[in-house]
Every structure is written in C-alpha cells, then in structure tokens.
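Look at the two complexes coming up: chain A is in both, with chain B in one and chain C in the other.
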Partner chain A sequence: MKVTIINLLIAAALGAALAPPAQAKTKVVVTYPYIASLVGEIAKDQAEVSTLAKGDEDPHFVVPRPSFIGKLRQADLLIINGASLEIGFVPPLIRQANNPKIAPGAEGFVDLSQAVDLIEKPDSVSRSEGDIHPEGNPHFILDWHNLPAVARAIADAFARIDRAGAGTYRKNLDALLARWKVKSAEWDKRSASLHGKSIIQYHRLFDYFALRTGMKIVGELEPKPGIPPTSRHIEDLIQANAPGSLYLVVTDPYHERKSAEGLAQKMSIPWAVLPQDVAAVPAAKDLVSLFDTMLASVLR
Partner chain B sequence: MIDVLFSAFLLSVVLLGIHSYYGLHIIERGIIFTDLGIGQMAAFGAAVAILVFDGKYMYPVSLAFSLGGAFLIALSTKRTRNHEAFIGLLYAFGMSAAVIALSRAPRGAEEMQHLVAADILFVPMHAVFKTAILYAAIGTVLWLTLKRLRGTWRELLFFGTFSLTVTSSVNLAGVLVVFSILVAPAFIVSGIKRSFRTKLLLAWALGTVLNLIAIVASYFLDLPTGYTVVALYALSGIVFSLVRGL
Partner chain C sequence: MLPMAFTAALLLAQPPTGAAPAPDSNDGSTPPPSSSSSPSPSPSPSATATPEKTHAAPPSKAPTYDDLLQRIEALETAGAERSPPPSPRSTAATFVQNRFNPDLSMIADFAAAGTNLSDAKAETLTVPGFIAQSDRAGKLRGIDFNYLELAFAAAVDPYFDFFSVVTFAPSGFDIEETYVDTRQLPFGFQLRIGKFLSAFGRLNIMHQHAWDFYDQPLVYEAFMGLEGWKNPGARLSWTAPVDFLVQLDLEVFQGVNDESPVYNATAYEVTAQNGTTLSSKAPFVPGLYVGSLKTSFDVGDSVFLAGASVMYGHSTRTRVDHLPTDMAFSAPGTILYNGELTYKYLLSSYRSITWQSEYLGLLSSGDLALAVDGLVHSADKKQGGFYSQLVWRFDEPGRWRVGARFDLLDQNSSTVDGVAQALDNMLARYTTMLTYSPTEFSRFRLQYAYDRSRFLAGARKDVHEVLLEMNIAIGPHGAHSF
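For the complex of A and B:
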C-alpha cells in the first residue's frame, strides 16, 4: 500500500516536471482598484494583479501591511496613479522592496498621471495651504475622457515588459477603447442637464468630474485640503451661497457623512455619496458602472 | 523578505536594549508613566514641528519638548507627593495638545496615528544602525557614571539621556511601542529578587523572544507591525501578572 502511494507521488512529480511549463504571467502590483480593472481589460489572464488599496479606503492614506512589501518584491510591473496621491505609502514600500524592476525610472514603473493633463497646478506648495499636491489635482480618472490615455499608457507598459504579447495587448486595448467611445458619448449626453449647476464637495476630489459635466464647484466642506470641516467654515459656506443657488452637496464613501448631511439639511438641498473608484460603493463594480453610478447619484 | 523582517527585528532589539534598562530604573522609582508622559511630549513637539515648520526641525523641536516634560517630571518627584497624578496629567496634556495641533495640519489624523505606533517595517537599515550607535553610547555613559553620581547631577543625567532616547525612539517607532517595550519586560522581571544586572539580562532575553514572535506574526498574519508589538507586550505583561497572582 505504502509503495503504491510513493509510486503515485513519484509519477505525479514526474508528470508535473515533464508537463510543458505554463506561460509565465506578468506579476503586476497596482495601487487602486480602477487600475486593476484596466489591467484586467488589457492583459486579461496574462497578468496576476495585486491591488494595494481597497476601493472604499481613503486613497491618500492607505495603511501599509507587511504583505505589500512581499508583493512588490516579486512584481514585474508597478502601476501607480501618481501626482503625489500615493506619496504617503508608496515611496517607503518601494524603498523596502528594493526591487530594481519597479524602481522609479525603470521599465516596470508606470506613473499614470504622466499620461494626462492635470488641472489646479499650485503656484507654490506649503503645508499651510493644506494637503496640496504639487503636480496638480491627482483625481484625473474621474473624467471619463481621461481614461483612454491612461489605458494606452498601461498597454504600452505591458508591451514593453512582454514583447511577445504586444499584439494581444493592442487588440484588447482597441476593444476597450471602442466600447469606451460608445459609453463616453452616452455619458456626455446624460450629463448635459447638469451643465451650470453649483455643487459643494467634501474634498477637492470631483473637480475633473465637475469639469466634464459642466457643474460648478463653489466650495469644499474641508476648510483646506485634508483638514476636517469646522463649524465656522460650514457657517461661511452657508453665508456665501444664496438659498436656492446650490444644486447638491457631494461627499465620498470614506469620510464621515455628518458634515455633508448637516450642510445639505441647513440649506434644504439634497446630498449624495459619490464613488471615487471602482469598488468604492457596491454598485461601482467596474469602470463602466463607476461612471454610471456617479451620474445616477447626481442626476435627479 | 527576511532582510526587511530582520531590520525591524534589529530595531526592536535596539529599542529593547536601552529601554528595558530605563524600565527597570523607572519601576524601581515608581514613576512608571514617566515614559508615556515624556514620549507624548516628544510627540507633541513633532506635531508642533509639522504644523509650524512644515515638518522640518522635527527632531530638535521634539527633543526640546521632551526635555521640558522631563524637567517638569523631575521637579514633581521632588515637590509633589502624588507625582503619578502629575505625570498622568502631563500625558493627557501632551496627547490633547498634539491632537489640537494636528487638527490644523493636513492629514493630521494619520500623522497622529504614526506618532502613536509607527510601522517599524519601514524603518531603513541605516536608521537602525544610527540609533544602535547612539544608544550604545548613551548606555555606556549611564553604566559607567550613573552609580557614581548623587543628587541633582544624577537626576539631570538620568532624565536628560532618557529624554534623548525617548525622542529618538518615538520618532522611529511611536509612543505606545516605546512604552510597551520599556515597561513590559521590566515589569515582568521586577518581582525577581536578583541583582540589577541579572534582571536586565532576563528582560533582554524575554523581550527578544517577544520581538521575534510579534514581527513574525505581523508578517504572516499581515497585521500592522507596530500595533502587533504593543499588543503582544501588553498582553504578556497582563497574563504574567494574572498567573503570578493566582
């Protein structure tokens, strides 16, 4: 009996050794779920993706866990949002991972913010102005027309790392862009009625979204970026905006809701929680449903 | 992966080396919360540096605040009878003042969390070596001179070097990590009737085992390392005193 089991084990081991090796997948680490969705569209099953942040986590501050270092050590490709959004957690991770393949400047390091034009570049950067990103506002993905450039940057990176698969990545990218064009036209049409409407947001998070839909952002609940709302600042917001001039108060899934709700109640206007990433709210399952959900939350 | 775990482990051993020495002294003096008080003042100093100087001059500002705190504690052990109450109040002040300062700084809540228990997995090796050299120097000076000094000079040396050490450690590892490493091993071995030297060696041995368990557990269970160290040290102290009490 024992002999049979050992024989079986040997046979199994030999079989495993002799079988043709499965094609090695590109190991990719991305910071946010939306990047993982894009990688999924472009590389399909050619990539093994690990995502550091959860969708409903504050993208500015992701709690680093020991496993992040291990993932970065083995990665062939690291794709980040960039524009200092990950400044709090990615640089120490890269340093401790000590993996030359994904070091900034290497072939396997991709900063997506390089692919788009950023808005709100500050003239000077000082902490007294709050949590300002020197490169400009980093939440560029919330304009659906920025997505094709970002997708192209990802496809280019895969083609660099895995030349043999370049054709496949190109084909997948084209398929995504074709679908995206149809959806974008639909969203452009849907958001036409939002044009000129004034909103207040919690953080400078939805500026690209507002720019695309034609909404006007007249203020933030935060007195300065990254500083929690104070009662005096909320009072100032109420004083500065005439009753009836505001359309909506919007906030994100990871900040407290009380301030947004309180302001909306005082001004007798509705308020809404908008997802800022894939998986930030359950309805935003993928890139398409992210923008569907965002528009559905502001159209009323 | 081993090298990252190793540098975190090395850091925890470096911290243990000097802090369990202070821990034994502090338990003997009955001013256990001194470390929390001084550590929190260092954290308040760091918060002020973040708010006022944009995060520059963190170390000197932090050191100035902790020296101020140490001076007040040294004064109170002379003047007041219930100095534990005084130290507790100093801790509460340092904590609340740091929160108030950071409420005006961007991402203050995260900075605060970092000051309480930082992630020692992200401390680079050269910082570990720098700290090891500094603490070895402080330790040697204390070992050679403390027993020869009396009165005010002794207090000055003790609290002065203590503030310097706590400030450096808090910047690397956070207030709670430093406190638990300082108190737990010293507390556990303090009941043993042996010489100071034996107790120190026992505290080192015990702390090294705890460090190893905490860091390996935090890696395999994927938990924040700083808080894992604090939880394990605190739990060991609590379990030990319960077992001894029964």
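For the complex of A and C:
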C-alpha cells in the first residue's frame, strides 16, 4: 500500500515536471498599481501580477522589501515606470534576484517611460536643484492621452515573450484603446472649464495632468523637488500670487497635508488631495476611476 | 544593503529595449514585435511625432490625439520637398569614449569625537579574551577625517558586472572590494569573483555609511574586525524561486588576513626562551569557507528577515591579551557562527520601526605555543555575544531617526591545558544615536556610547564616547537599504 502511494506520488511529480508548460501564465512584476491595472486589461488571466509599490506609498520611496527579490527571481517580465522614479529601490532588487530574464537590456525588462515624450527635461542636472530626474518628469501617466502608448508598450512586451498569445494581447489592447478613446473624449470635454486656472501643487507630480487640462501650475509647496516645504517658501508663494488669482492647492495622498491646508487657508482658496495612481485613494479603484476621481477633485 | 552606486548602473547604463512605441494606427495593424529587437535607438523624427506623443506645444492646451494625426498627415505630404540638404556633422568626437565611463561615486566621512580617556590610554584598552588592543580609528579626540571612499561600477561586457571600492584614510589606501558578478547564470545562480566582503551575518556586507550606528556592534569588532571580513575569493549565491526571499551564499576565501581578529591561515614560528623554535606547517589555502542562509517574508506592514551563517577556517593569532605576549595560538578548524533576526514595521512611506538582533559565537581549539616554557599547549576558546538594536524613523519626510543599541559579550571561556582562564563574561556597551539626513546624500549623526567592556591595565574602565559624524555622498543615486 505504502509503495503504491509512493509510486503514485512519483508519477504525479514526474507528470507535473514533464507536462508541457503550455498553460503556464506569464509571471509579471510591476512597480506601481497603474501598471498592474494595464497588465490586467491586456493579459487578462494569462498573467500573474505582483505589484511592488502600494498606491498610497510615495512612488519615489518604496521600501525595498527583501521578499520582492523572490518575486523578481521568478518573473518572466518586469515592467517599470522608468525615468528614475524607481532608481532608489529597484536596482538592488534586480541585482539580487539573479534572474537574467528581467535585467535591464533583456527582453523581459520594460521601461514605460521610453514609450512617451517626457516633459521638463533639464538641460543640465545638479543635486543642488533637489531630487531632479535627468530624463524629465516621470509622472507621465497622469495625462490620459499618454496611456495608449504605454498600454501598447505593455502589449508589445507580452507579444514578445509569449508569441502564441500575441493575437489575444492585441485584441485586448484594441478593446482597451477603443474604450479609452471614448473616456478620453469625455475627460477632454469635462476638463474644458479648467483651462487657464492656476494651481499650486505639493511636488512636481501633476504637471502632465495640468498640461492636459489646461491648468497652469504656478508653484510647488516644495522649494525644490524632494525638499520639504518651509514657512519662508510658503510666504514667497503667497507674495508671488495675487489674491484671487489662484484656483486650487493640490497635494498627494502620502505627504503631510498641513502645508497644503495652511496655504489654502491663508489664500482663502480650496485645497484637494489628488490620487497619483490606482489605489492611492479608495475611490481610484481602476484606471478609469483614477481620472474620474482626479477630475472630480479639481472641478468645483 | 548593497554598496551604493553600483545599483544605479543597472538602470542608467543599460540601453532600454523593446519599449519604443510603434506608430499608433489604432486599426489593429500593429506589426508583431520581432524577437531580434536590438536596443532601440531613439525614434526617428517621424516616429517622435506619433499621435500619442503629446506635449509638443505646452503653452496652449495640449493637442488631442486627432489633432496630431492630422498634423502628421500634413507633414508627411509636405515633408519631402521642404527638408534642407543635410549639413556634415562634426567628427571631433568620433573616437571619444567617455560615455563608457563607469558610474563613479565618492563618499566622505568626518567625525568630531570626545572621550573621557586620552587617545594614548584609549589605544591600550582591551576587551579581555576578545580584543588585545583597541583600534581607535575614527574615535580620536577632536576632529577626524575618517575616509574618502571611491566606488566604481560598470558592466564589463554582456557576461560580467564590475564593482570596486577603494578608500583613502589617514591610515592609508585600501582596496576594500574589487569583484565581478556574473550577469547571465541561469536557475537563480550568481557567481562573484574578486576581493569582497563576506555575506556572513547581517552587517558584514555593509560599508560603514550603510550602518545604523557610527560603529559596528562589539561582537563584530571582536570577531570580524573593524574592517569586516574581506578577502580574495569566490561566492556562489542562489535565490530560491519562491514568493518570499530565500537566499543561500557559499563562499571560499584565501583565508590569509592580517586584519582579522580571528582568522589568518598562516604558519607560526615562536622562538622560545630556552632557544628552541616552535613552529607549524603552512595551512592549506584557500582555507576559509562561509555558508549563509537568509530568508525574509512580509506579514502586512511587518517585514521579517532571519538568517544564519557559519564561517570555518584556520585561526592564527600572535597576540591574545590575557596570555603572555610572546606566543602563538593556532586553531585549524575554527568555527564562527551567527543567528540573526530583523523585524521592521512600516508606519508609512517614510516612517518605520526596526528591531534588529544578532548573535555571534566562536568555537576554537588548537595549539598554544608559548615562548616562556618552549612548549606547545592545548588551548580552547568558546566565546559569544550579541547586539540588539531599535531604530525609529519618526518624522514625516523621513529625515530623522533615533536609535538605541545594547551590546553584550556574554560567553568568554578560554582554557589552556584544560585549565580555565579567569575572564569576565559580562562585557556590555550601551549606545544611542540621533541621525538627521537632509537628503539621501548627506547625513549628520550624534552618538553617545557608555562602554563597560573595556579594561585598562587589567581593571575595568568605563568609557564614555560622544561622536558627531558627517557623511556626504556624491555621484549616482544610491539605493535605500532595507
């Protein structure tokens, strides 16, 4: 009896080992929730996705949990935002994962920032200017018209590593783009009333969003990127902007709110917390509700 | 966890692949990407103007997708006759290769120190059975320049990454690490060859600027030495294919090391007072082996990291403080082992509480050659100690951290010919620190230590130390260590 069970186990193990991995899902690691949402749209159940950052975490300062290394070790595909947003936590994880499939330069490494034109590319870089990104502003996903190019880059990556599924990925991509076109037109229309309004933001996070909606960013609460607000800098912001010229102060879900609230009170204008990613606030459940929530927060 | 700067090379040095956008036609005719896609050059001018690439005219409202599509069509029809004849480009930089320069970072460390003992006296401090003479580098009274560290990193070729750290200190020039890592081994393996810091324990692999305190724990000073265990050798590391971390490191080192307080694979020779010469054969080299297993997993916002390591090799010491100075202690199969546990609770993006503890133990038995009697005696050592530290990163932008550490050497048994030596076994130190980092590139740290482990001329001497450290880094962005 014992022997039979052991034989069965061995047979099962051999069977598992020898079975063709045709139905094997593509293992994907992504850095941010919005990428996971896109992967979900394009690969549906063909992918098993792990997301490193949480939506309400500062995307620049994701804690490099050692368990991420195990996930990267098994990944077929690593999709990052790029433009140095992950420079502080992804490189050592890749190095320790010992997985050549997802190393920079390999087929399984995708840098989405390569798919879009970045704005605010500095002519020269110096850390005296704070935490600047030499490649340009990395928060490109907050312009809904950048999303199709990003989605296409993801679909291309899937088609590259799983050729058999290329047709499915393209079909899913086209379906997403078609829906997105409708939503984009809707958002374009909804944001028309924002055109020309001046806002102050905490960090250079919503520049693409402002550019798309036609809002004018007249300053940041941070004196320089990555440097926390000072009372002197906030005083400068108040001096530089005539009363009544400002529409809104916006901040993100992960920084302290006192500075944004304080400035808004002093200037007698409203302030709002905008999500910068899927799951950054509870209302931003997916990509569509992310932009719905952003617009709802600034339209008042 | 990893030395700074190297990591940045990975993202910066590599050309991106595959992510270049295909022209958006939205009609389902996107060509399937070819698998032979070489690193994509920057898109051609026409590709740059793909409809999805917006923001061409930032001042006004950004053009929509359809606007751009129309614009492209107009440009394409008018393009041919309008383009000017190409002007010859300068060839001055044809052979300039500075884009192949490695990533280079520099780290400088300074400290102002105050103690209740003069430097001359402090240098004669011992920790009985453990440290024969205290190295006061970086803790001399007044202002110290501790070191300038240069780190170089680049890919060698498709097969290897290169990394090197050299330091310049008042005591001289040192090649701390110089090694290559393989880039393409399959099945989760990586091979490191060169001179490097051992993966033994939690802290040995970290350079000083990655430590939570100014100095290492007492038990590291006693067994690993102030510089940590570094030596020429090779490491095979393996990461398990599981959703948490399981990492195994196996290392072979030459084992010859004058700086190590424990291991040195050399022969000894002692000229006894009666004229005979006591000596040993040269040990087999490479003679030092390390195995280290680490695992880490998350439970919500709690992160656990546990590990165990063993170091095995030949110990030769020519000075042990509680024995006559003219002697040699030689133990071929000396074992150093550790167990460690780190618990980190993440309060937010910036705030966290980390509790980290580690035990190190030493088992050593061998020959003790004494010049006094010209005889070789049998000697055994069984020693151990631990540290436990708590670090709280407490403010919102994450600039401040405060911490406390308790050090204790609690096992200190030494026998010669079976006769136990009288040694203290409750050797403690209490340390607190406050660290302020304006950015990730600059750091100021105030540390106070009350050291009850040191002995001056055979009697316990309490040592009080206050240190104010400044650490500055320039160059590529370092990674945040866990």
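We adopt the following convention: the second predicted complex is superposed on the first by the 278 of 300 C-alpha atoms of A that agree within 3 Å, B and C clash if a C-alpha of one lies under 4 Å from a C-alpha of the other, contacts with A are read in each partner's own complex, and residues count from 1 in each chain.
Throughout what follows, a contact is a pair of C-beta atoms (placed from the backbone, for glycine too) under 8 Å apart; a residue touches a chain by one contact, two chains touch by 3 or more.
Because the structure is predicted, anything quoted here is derived from the model rather than measured.
After alignment on the shared chain A, the placement of chain B and chain C results in a clash. Judged by the touch definition given at the top, the superposed model places A:Pro225 against chain B, while chain C stays out of reach. Looking at the shared chain after the overlay, A:Pro64 reaches both chain B and chain C. Between chain B and chain C, more residues of chain A are touched by C. Of the two partner chains, chain B and chain C are each touched by A:Arg95.
Once chain A of one complex is fitted onto chain A of the other, the partner contacts of A:Arg73 extend to both chain B and chain C. By the touch criterion defined above, A:Arg190 lies against neither chain B nor chain C after alignment on the C-alpha atoms of chain A. Once the two structures sit on top of each other via chain A, chain B runs into chain C at 130-138, and not at any other stretch of 76-84, 94-102 or 130-138.
Residues 61, 63-67, 69-70, 73, 88, 92, 95-96, 98, 127, 130-131, 226-228 of chain A lie at the contact with chain B in one complex and at the contact with chain C in the other.
Listed in rising order, the residues of chain B touching chain A in the complex are 1, 3-5, 50, 54-55, 103-110, 119, 121-122, 124, 218-219, 222-225. Residues 1-2, 6-22, 24, 26, 28, 30, 32-33, 35, 37, 39-40, 48, 50, 52-56, 58, 60-62, 64-65, 161, 181, 183-186, 188-190, 237-247, 294, 296-298, 303, 305, 344, 346, 348-350, 352, 396-399, 439-441, 474, 477-482 of chain C are the ones touching chain A in the complex.
Chain contact summary for the complex, chain A toward chain B: residues 60-61, 63-67, 69-70, 73, 88, 92-93, 95-96, 98, 126-128, 130-132, 224-228.
Within the complex formed with chain C, the residues of chain A that make contact are 50, 57-58, 61-67, 69-71, 73-74, 82, 84, 86-92, 94-100, 103-107, 109-117, 119, 127, 130-131, 143, 145-146, 148-149, 152-153, 155-157, 159-160, 163, 166, 170, 174, 177, 181, 184, 188, 195, 208, 211-212, 214, 226-228, 254-256.
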